[in-house]
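In the two assemblies presented below, chain A is common to both, partnered first by chain B and then by chain C.
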Partner chain A sequence: MSRLSIRALCVASVGLACLSPALAQAPGVSATSIKIGTFGALTGPGYLYGKLPMNGVEVVFDEINKAGGIHGRKLELVREDDRCDPASAIGATQKLISQDKVFAIVGGGCSNPTLAARETIEKAGTPFVVFASVHDGITTPPAKNIFSVATTSTIESQAQVQFALSEGAKKIAVVSMRDAWGRARYTPLMETLKAKGVKIVADEEMTPDSNDATAQVLRLKQAGADAILMVLYPKPAAIFARDANKLAFRPLLIGQTGIADPAAFEDQVGVPGATAKFRTISMVRYTPEDPAVEKWRKAIETKFPGDRLSVYNQFGIGAAQVLAEAIRRAGPDLTQEKVVAALAGLKDFNVDVYPGPISCSETDHRCHKSPNWIMKEPGGPVKVLGATRVE
Partner chain B sequence: MMLSYILLSGVTTGALYALVALGIVIVNKATGVINFAQGELFMFSGFLAWALHVQFGIGYPLTLVLAIAGGFLLGVMTDRIAFQPLKNVDVVSLVLATVGIAFILRGVARVIWGGKGDYLTFPPITSPEPIMIGEIMIIPQQLAVLAGAVLIMALFWLFFRYTRAGKMMQATADNAKAATLVGIRTDRIYALAFGTGTAVAAAAAVLAAPLTLLYPDMGFSFFIKGFAAAVLGGLTSLPGAILGGLLVGIAEALAGGYIASSLMEVSGFVVIMLVLVIMPSGLLGARRLRRV
Partner chain C sequence: MALFGRRNVLLVLLAVALVLPAVANSYQLYIGNLVLIYTLLAIGMNLLLGFAGQLAFANAAMFGIGAYGTGLLQVHFGLPFAIAFPAGALIAAAVGLAISFPALRLSGLYLALSTLAFAQFTQWIFLHWEGVTFGAGGFKTPQISFDPLPVSKPVGLYYLSLLVAVALYIFARNLVASRVGRAFVAVRDGEVAAQSLGVDLLRTKALAFGISGFYAGVAGGLYSQALNYVSPEGYDLFQIVLHKAMIVVGGMGSVAGSLLGAGIIIIVLELLRAVKGAQEIVFGGILLVFVLFLRGGLISVIQRYVKGWDEPLHAAPPRRDEPPPLAVPATPVAERAAP
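Right after this comes the complex of A and B.
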């Protein structure tokens, strides 16, 4: 290359940089790529809400990249492990933002770590789409740049009450954990019950480590409860279902996304028929076996040999599609502000996996308001019962 | 009828606490150290039993025997790694060493069994269906666990009462220096104490497994309950550990059934506080005499 052409190239490069300030300023964006960060538990028991949704995000990015990327830029995913630990989540997001200089984040598995990381992400102004964390505090009051496509705890609590009433329950009772996770659901649940004029017949408590629920079951049975709203992790919920069956108490058991997999729950309870009247919320529309998600099943199994498509993968698939759409709408001159504006402007946007459309606004960043109800016939497949629309 | 269910539930849970407490007391009596890894040894033995029973299809009785043997070996290893090299330093270092063992066991359990799902299920050892005898509902699963716990307690009582090893353990616990003078190899007794303590924990884990679910972080809650039961019983008394465990279990069940389920977790500790205020050495602990 001649000396003249090198000089011309330098001038052209400088000129391009001056003409396109967005390119020069937007972190993690180059002419050919956009760096997206993700955080959640890659290790430990919370991996279901971290690693698996991340795998879902990655297959969506692969599909987009195969089709040429977004406005010619390929999406690169940078993973960080928060181990379901608030301090680690703050460190992980600081690394993603300051060191890896990601353009946007799609992630957040366990609720408390995501809540802890909120301040860091909010201050940085990095667009953030939450894929699994449900704590209300992550999106309420809304931070300008943080949006959730997970059903938040208030939305799920409202859906639990609506579902119980729609099933004709006359004597509703609550059994809940009262730790930080449980409180985040229990409080809005009680507010919803009060708002709907429902007087519960019993209000029982369990701990995450409970090994026996005989006392709770007997009290609920004495109260004549016909529907139990369960604000429990899978372990105490399984103990409760097992002990209820043991004491011949078989009301409608209404769960939430803490117990998102009825097949795994049936295994955990381990007593045939004990989960026959268990219904729970799924954030996604389809069971992993549904032909409608065949494309994603193949993508997951090809990219991650040994894995099988799960509902947790679908959390990531939906969130990645939402973020990708916002980046697409922001146009080729990409800035974080444009993506935030695009996210806030999403209205009735349908993605492959959610039961209802995604709608965000300037004032409400809880974008997924259609929890799906699922159940499993004893020994049979998981069935979708339909979605509840919550406003 | 509610009282009978609640009492049966409390006694069953209490029997499991009692077994964990027994393990703590056995080690404490012989070595003067509280083994803070007792909960994790319990958890690890439970997973070992799960692997034997669920993964390798070994029958429940043989699983119980193998898990107790495995627990014994784990306990001996704990003695060799965390107690023997440090036995001449201060007690705080010894206690910290057992805490270290607890974290290592939890980490290893997470690596081996942590990725297989949220929680692992141990199949019921009897029919999960209740049996109705007239108006009274009998729950075979709870009765089987209770019977197993009583049998194991009886076996360990016989071990301490009638075997040479058991008597040597008691002699070492009473006075280690005197035991050495009469020819007892106290190093072996310490290993035996850790081994026996963990074997009891393993038995508790195999009995508890069908009632609860297995997960790598389950050890701490059982340790706390077992430790509380041991303190209630007097920390050095084997019958005290059993009594303490049963009282904690029954107190929890009664509080949950008749007052409020939110009081279940604290009720056992309230009982302990009340007992210790009146009897500082615990229910059956050795009284301290001050000679003047």
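Right after this comes the complex of A and C.
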């Protein structure tokens, strides 16, 4: 190939690239269907926040489709794996938007990948409902088309502090992980404590793979803490609860959605009575065994044999119901702008699984502000204590 | 020149790469950009491991240093990308040079472990030096603009990556066919023998680490802009495995093999999105096949069956009145003989 022809090829290709046409409007919508995308981890430890909520979304879509769809259109779900990796999340959302041409997205498991994908989704204008990611940066400052029905880090931190104070705690301490997940919660937690004028008596750190918490427990005991705000995954939290019990240190243990299943947590700790004073936040209202979610338990177990309903499924169920409602309100002449406007206009909308109503606005896209408090008495069932409304 | 020889095939690939933005959607363009970025990483890794024989695991750390360096210089000092990008690459090259000193005393498994420790230390810095790196949550990099050129940011960035990849590919080809490249191979095949031939071990190893670091740093700078976001998990152990896999699949000790390996691994991983949950299994399977049955990588098969793919370590063509010299094997003899 001559130098001249290579040069001509370069010029022609740059020229063609500049002439790329703009995307057509209302992608993913036909007379009979609406294509909805989802992304999150389908494999690896992050699948709890990806695959399981996706399964929840799918059973909601099945139910809607059985009833004839929304304005005669059936909902189709397209899944993409982000492996909890930012680059992969960008690839996944680019594919959903540019190649699969989805109309809207409901998804987002691990926080950093969802944060990385925010710009791609924001630029495309695709309506996006976050089902599990809690990073504040996903919805703050608000992007016009991105809404979250997960309780964000700041909301959970505020709820933890409010709960400790409402339980009469005088000496509050913090034990936290400082990885990506932990930092996303630890920082707003410290800001909330400062804003409320609460001076903590101790601030301890654990790693996700900790096998011993004796040192942390002894320091907290020495500080006389009567309430511990735990920013920990279930495993280090279980180690902490076990060692605290062993050293006769029994303060109020206040968890968050990272430890959303008190029954599984009790099993993990494995010491009778060690979790008696453990309270934690659930994004959803009901425990998986509650008769109120019988319908969804059956739907999950029928659609995905071998699975049993979990709180993570319920994240997806709630998010899918919110998105479906917005599509319904947008009317039969469907556009993405109408769905975004419908999401921004949701006020006191109740879904099957959340403790409080969903309310969004033009300026605040954190639509779920009612974390639910749950506990499990040793040997007894999981009990719902009530929701904390955070403003 | 053979019709399906290396030069012709690479020119066709270049032509395809040039017209890609005109025919591809933004997802395909993003993948194209990733292929170019990983090609740079694979070439850098191959120069260090395939040519110089240094079993180092610091490439992902260099990649991260390039990305963090480029992004943080823009965020903290307000430098434009045009300055922050080369500066980030130079920082990575400097760190590469610095870690070459332990390599003088260490080799094989010990070098691997020490560089792996360095990679973990780098991760720790990314996570915990919050005031500078923004910690585990990462940070968003400023958007770059290609004004006054009439191209959007993704298209402009893609062409920038292409330009850099082509330039550094040619540089690597010339490097390995030069005295320096032959010194790399001599060190790889036997340090004592290389020294007895007058090869300066310190200089040669430092060059290999520095150049490899520079390639990874350049790739990191481009990656930070492709994602517009930098966070620690992008430069972890998975990246180390990915980079190694690329040169194992493409072919150790081959610049063209680096390109093939990066392209194949990235495209296969993306194609496997259609088969949910199978990525890890297929990825592992591909690695097993190449490690067990194709230890010379894809390039060894191509070189065996297609004319014009040899990569001699000599720049000058053979004189007509002399029989052509034998091409110096780019991969160790033991590996070429393996099934």
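Criterion: the second predicted complex is superposed on the first by the 367 of 391 C-alpha atoms of A that agree within 3 Å, B and C clash if a C-alpha of one lies under 4 Å from a C-alpha of the other, contacts with A are read in each partner's own complex, and residues count from 1 in each chain.
To be clear about the criterion, a residue touches a chain if its C-beta (ideal position, glycine included) is under 8 Å from a C-beta of that chain, and two chains touch if they have at least 3 such contacts.
Every value quoted in this text rests on a predicted model; they were computed, and no experiment measured them.
**Student:** Which partner does A:P86 reach: the first (chain B), the second (chain C), both, or neither?
**Tutor:** So A:P86 only meets chain C here.
**Student:** Applying the touch criterion given at the start, work out whether A:T302 contacts chain B, chain C, both or neither, answering first, second, both or neither.
**Tutor:** neither
**Student:** Of the partners chain B and chain C, which touch A:R178 in the superposed model: first, second, both, neither?
**Tutor:** In the superposition, A:R178 contacts both chain B and chain C.
**Student:** In the overlay, answer first, second, both or neither for which of chain B and chain C A:D267 touches.
**Tutor:** first
**Student:** Touch check for A:A215: first (chain B), second (chain C), both, or neither?
**Tutor:** first
**Student:** Mind working out whether A:R242 is in touch with chain B, chain C, both or neither, as first, second, both or neither?
**Tutor:** first
**Student:** Between chain B and chain C, whom does A:N112 touch in the aligned arrangement: first, second, both, or neither?
**Tutor:** second
**Student:** Is there a shared patch on chain A that both chain B and chain C touch, and which residues make it up?
**Tutor:** 43, 178
**Student:** Report the residues of chain C in contact with chain A in the complex, numbered from low to high.
**Tutor:** Spelled out, the residues of chain C in touch with chain A are 11, 14-15, 18-23, 25-28, 30-31, 34, 127-128, 130, 135-138, 140, 150-151, 155, 159, 223, 226-229, 231-234, 238, 270, 273, 276-277, 279-280.
**Student:** Okay, in this complex, where on chain A does chain C touch?
**Tutor:** Touch list, chain A to chain C: 1, 6, 9-10, 12-14, 16-20, 42-43, 79-81, 83-87, 90-92, 94-95, 97-99, 111-112, 115-116, 119, 135, 137, 178-184, 187.
**Student:** Which of the residues in chain B end up touching chain A in this complex?
**Tutor:** So the residues of chain B touching chain A come out as 2, 5-6, 9, 12-13, 16, 110, 114-115, 117-119, 121-124, 128, 130, 137, 139, 141, 208, 211-213, 215-218, 221, 253, 255-257, 260-262, 264-265.
**Student:** Hey, which residues of chain A end up touching chain B in the complex?
**Tutor:** Per the touch definition, chain A meets chain B at residues 43-45, 47-48, 178, 204-207, 209-212, 214-216, 218-219, 222, 234-235, 238-239, 242, 245-248, 264, 267-272, 274.
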